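Each of the next two complexes has subunit A plus one other chain: subunit B in the first, subunit C in the second.
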Partner chain A sequence: MRDAPRQITLEEWDARYAELSAAGMQEPTYGGPLRRHVGEGDLRLQNLRYDNSAASLRLWNFLLTEEDRLHQARAEGRKIVGAMKDLGTVPVMAYSLPGVAAFYPDGAWWLPCIMEDSTGMLPIADSLGIDESFCPVRAMLGAFVTGGHFPIPDLLTCSVGATCDDFSAIAQRLNSLGYPILWWEIPSRRHPEPDEMEIRLPGGFSAPETQVAFVRAELERIRRALEDLVGRRLTEDALSAGIRAANRVRRLLSQLRRLTYTAKICPLPALEMLVAEMLAIHFCSDRAEARVVLEQLLREVRERVQAQQGVLSKASARVFWVNPVADLRVMNLLEECGGRICGTDYLFCHVLDKIPENLSPMEALARIALADPMVGTAADRAERICRDILAFHAEALVISRIPGASHCATEGEVIRDFVHSRVGIPVIEIEVPPVSDSYRSTLRTRLEALVEAAKERRRT
Partner chain B sequence: MKKLVYSCPFVPAEWIAAHGLSPSRILPGPADVSAFAGASAGVCPYAAAFLHALSRDDEAEAAVLTTVCDQMRRGFEQAQRTDRRPVFLLNVPSTWQTVTAQKIYMSEVERLGRFLIRLGGKKPSADELASVMREYDARRSGLREARGCVAPRRFSEAIAQFHREGMVDPGLREDAYTPHGIPVALIGSPLMSHHFPIFDLIESGGGAVVLDATESGERTMPPPFDRRSLAADPFMTLVDAYFGQIPDAFRRPNNQLYQWLKRESAERGARGVILRYYTWCDKWHAELQRMKEWSEAPVLGISTGADKALDGHAISRIESFLEMLK
Partner chain C sequence: MIYAGIDAGSRMIKAVLFDAVKKQIVASGIMDQGVRQDALAQQLFERLLLDHRLDRRAVLGIVATGYGRHTVSFADTVVTEITCHAAGVRHHLPGARTITDIGGQDSKLIRLDAKGAVQDFDMNDRCAAGTGCFLEVVARRLGLSLQELGEMAGRSVKPAAISSMCVVFAETEIVGLLAAGAMAEDIAAGVQAAIARRIASMAGRTLDSPIIFTGGVALVPGMRAALQTALGHPVVVAPEPQMTGALGAAILASRQ
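Then we have the complex of A and B:
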């Protein structure tokens, strides 16, 4: 059943779901009406606007049932790996082994938003000395302590070194509560010196060969830990197969982004694209299904682009967005203000890059880990942002600060200056707390001004 | 001699001195954080003050920043943007119990050596390095011997002076001091040059800092070098002393800090712990509650900015804390 694409409320989804079901929509086992998640505590869903396609419904259901999948994996005797902070490397290794599910405990940072602060996780973090001066990822502590969300992992890894202080400190606090953590070092990526061998990394950055070798050695420790966990070897062949499977997901996402962000009329809203991009980090705990979800989404977008249909006005200002928002509702707000997303750097754009398949798998993984935009300089990151702004013809930039995050204190200015000098588009920096309702009018004013400025530039 | 400034204890002064440059580990003075280019909410006052101090230091030929915290790591980028002098970022791994972490640190110190040579330094022979290390070791021993013989503030200022100038005040031990007051440990972020009145405040409240475990204090002095290994392999001895032996909150895991604190606090008879950290210093702030749960002695947390040693609120809290310990 094809209807005109549009954004609808949760109430409208009730009727839409009935229509799609009546029309014979096939759903996976985790399918069902979106409203049921509200009953499970996901209160924020009532305040969001959604794409009205069956593909998007599947995407949302896939995202919102991740905890169920993890509990099911535990019940089935599969080993669970909590991969903290590296955003996209350890899960590729973990999913190369049968009987392992990997996820990001860091993802709990969205729970205060999704559950509208009703989880009690932030007060738990407060009680552990991790107050609101830290990034909202502190909610993860509450999730561990209550055990009420994801199962406690059999193996917990955390990359440290060139990471934000918030996360490193919070993970250390978690460790002090009795959760063993396998720490691994990700060094601050630097440019090679004249006498050093340069390695080109996926995404366009470069690093000295020695740094790649260090990361490779660290990932070898992870490999051994995974092998110990499951009692079998993680062979080169298995890793290569795991990389190919991850690349299939990355390829799909890459196509989806290109199609969506370059289309004349926006075929898929910002919120659904944000969720889709997140799938590449750890496949939402089911690699095969993540691929199916993205394939369906891509099909939907292709059809819409072909039919020149979309969810927003053709005149929408094309906005590039930096950093993920703690409150998902702000992605809706941008569109309400007349903007559309055309390019993103949600801190994990390295998971959008293809992992090299012509190298030994550990070398390839080391290179992709070092390609993380956050382990290098803000100028490096800004350079990639500029490339993508040009590729997606973005007309404005939003730098979204994460409350309390150490990297947000200074990176905004660097990125702003870089983008001004290279691309010359209007830039604003905003801060988005987990539930931003009380800031909504301010955010709206700022986003509207940005959109207006971007549109004004079209006339000059 | 060309002066090279830094603030991180994981930069080995001996390595810089052995290359023929003058290492100066400084404590910045007061700074208006908002005046710092690129500053916005969330900027660490210490990192901003260090960069401010660097910009005002006309004698410094170059600077070294490290990766022990994210804000300093990013401060390197700020310094590159705003300062024309050469700046080096030393990658100090957060992990420390693995061979890879040691290798990273070792290779970074070697890379620092190449930076020093580009500044006009000369690569030292093993003997030359060993000789410089022995000198520094002797001066640190002299400092340690002064502990308890001079007033706590004087002792901590002497450590700061040694770090800044490489020298120990020859008149240090001439001061007459009789230990008195309730013994407390002061731990946490580094002090700034104008923050030493905190020792006076503690003293006037009836306490005495018997353990300066701030980053600018004795905690971050590397332990005495092993004579035999110094003779056999000075470079490795240096690496081990700095990377392997200095306990700090940023390390992962950081249990070494707690082991050290337990041992030293017991030895000095500390009856209370004051943990002092800068606003937005996540690494120390996150340790506060854990330390309260861990420590047998009461722990007081004090958050501070860059402008003055302590505000009225913090002063009252310290006074109440000491009163409680009486």
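Then we have the complex of A and C:
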């Protein structure tokens, strides 16, 4: 049953769900009304506004049932890999093997928001000496200690080196609690010296061949660990097939982003786009279903664009957003302030790039791992942001900081200077804690002022 | 053609009536902010009308701004204080490129482009350091008014080194300095320098002149000089600096 696109509250979703069900909506096994997740503790859902399509409902249900999928995988005897800190490389390898589910334990950083601090995970982290001066990803420690969210993985990998210091400290504390971790190192990406062979990376970056070879060797260690875990070889053919399957998901996201961020009228809200982009990291623990969810979403967006329908005013200011927010409510707030998302760099834009298919699979994976925006300089990242701002015709930029996160402590000024000199659009930095209610009026002022500045520039 | 701007700040409410034809301020007023923000704003607005023998119907549009802008029910629309300060400063000083606004509870640094449009801005509104609140805390501790504190700072020979990071810690530092026999003049000057340093840290590496100083703290003697030293650029205090936001709001009302 089609309805004009709009954003609705959880209460409105109750009625909408009944309508869609009565009209014969087909749902997957994890389907159901959105409200049921509130009963399971996801209290923040009561304060959000959602897209009203069946495709978006499926997206939310897919996201919010990941823990169920992981527990089911454990019950079925599948091996579970926790790929910490790595955003998008180890999961591609893990899903190339049958009987393996990979996920991102660091994703627990959203639980204090989704569950509005009701889980008690942050106090556990506090008690372990990882207090609020650290990134909210410290909630992961609580999730491991209580075992109340995801099952304890059979294999835990963690990339360290050029990734953030906070996470390294948190993972070391986890290790000290008796959880063995296979550490692998990712070097700080640098430009090749004149006498070094340059390797072009996805995303427009480059690195010396020696760095790519080093990462390839590190990933070979992961490959051997995965083989030991399941007792079979991870062949080149299987890896290549895994890369092609990952690329199918990435292509869908790429189309979804292009359509949504370039449409004259915004066809899909910022919140649903954020959730959709997150699927690329580890496929929300089901690669095949991630593809189905994205295909349905893409169909919905395509129909809306063709019908020139959308969820926001045509006059909305086009905003590029850097770094994910700790409180999902803020994505709604941007739209309430008259903005719409036109381009993002949520710190994992390399997982939106196609993994090269014309190289040996391990070489291709090493190159994509080194294209991670987090392992290069802020200036490198800013270059890519400027390119995307121009591609999506963004009129303003928000740099969102995560309290305590060491990877974005000082990059804001670098990105701002780059964007000013290259693109010349208004830029603001904001800091968003996991539950930002008490900070809402000041966030609103900043976002409203940014939208006003962007619209003023249209006039002048 | 009269338009009104109401700046519902965290400490004071300011109102300006602006003649859009003559491009001049007809009337302005200020009063303490309180719990019933809407009623207070209404009271100030009506007092201005009465004092200047103006009928409510003569006011063709009202824009509310400031922290309490959404509480002003009689405004036609709301605009943030960032945009309003830019409009207010442009009216007086069209070539301005940077605005430093220090109010009672927050401070802002607003960058304007060559056309006078807001390019970007930084705000400090989660910490009292870098705001007028810091001055109030110290003035209270020293038993002085803000005016007296500012005048005292002007007599300092060697400003005390005081942290710009936290007012609570700074107050502890001041207790220690007083116990050690530091001169009140030097403490006052040290506090002004600390506030100015905080603003300078918001400014970052690049700053374009002319720099205009707005907000109530611009009226405190010595603050302009402290800001000038910290920023390393000349600083100009806007005419009636505490009214800049309300003026900008009235000007924007005339354009809507």
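Points to keep in mind about this one:
Simple rule for what comes next: the second predicted complex is superposed on the first by the 460 of 460 C-alpha atoms of A that agree within 3 Å, B and C clash if a C-alpha of one lies under 4 Å from a C-alpha of the other, contacts with A are read in each partner's own complex, and residues count from 1 in each chain.
Keep this in mind: a contact is a pair of C-beta atoms (placed from the backbone, for glycine too) under 8 Å apart; a residue touches a chain by one contact, two chains touch by 3 or more.
Since this is a predicted model, take the numbers as computed values, not measurements.
When the shared chain is aligned, subunit B comes close enough to touch A:Phe134, but subunit C does not. In the superposition on chain A, contact of A:Arg6 is made with neither subunit B nor subunit C. Once the two complexes are overlaid on the shared chain, A:Glu452 sits against subunit C while remaining clear of subunit B. Contacts of A:Ile428 after superposition: subunit C is touched, whereas subunit B is not reached. Taking subunit B and subunit C in turn and counting the residues of subunit A each one touches, the greater count comes from B. In the superposed model, A:Cys164 lies in contact with subunit B only, and not with subunit C.
With both structures placed on the common chain, the touch criterion links A:Arg248 to neither subunit B nor subunit C. In the superposition on chain A, contact of A:Glu193 is made with subunit B only, not with subunit C.
Legend: residue contacts after superposition of the two complexes on their common chain; A:Glu413 is shown touching both subunit B and subunit C.
Judged by the document's definition of touching, subunit A residues 413, 429 lie at the interface with subunit B and also at the interface with subunit C. On the side of subunit A, the complex with subunit B involves touching residues 127-130, 133-134, 158, 160-166, 168-173, 175-176, 181, 183-185, 187-188, 190, 193, 195, 210, 214, 217-218, 221, 377-379, 401, 404-414, 429, 431. Per the touch definition, subunit B reaches subunit A in the complex via residues 37-44, 67, 69-71, 73-75, 77-78, 81, 89, 91, 93-95, 98-101, 103-104, 107, 111, 114, 250, 252-254, 279-283, 285-290, 292.
Those residues of subunit A that touch subunit C in the shared complex are 413, 416-417, 420, 424, 426-429, 439, 441-442, 445-446, 448-449, 452-453, 456-457, 460.
Touching subunit A in their complex are the following residues of subunit C: 67, 79-83, 113, 115, 117-123, 125-126, 204-206.
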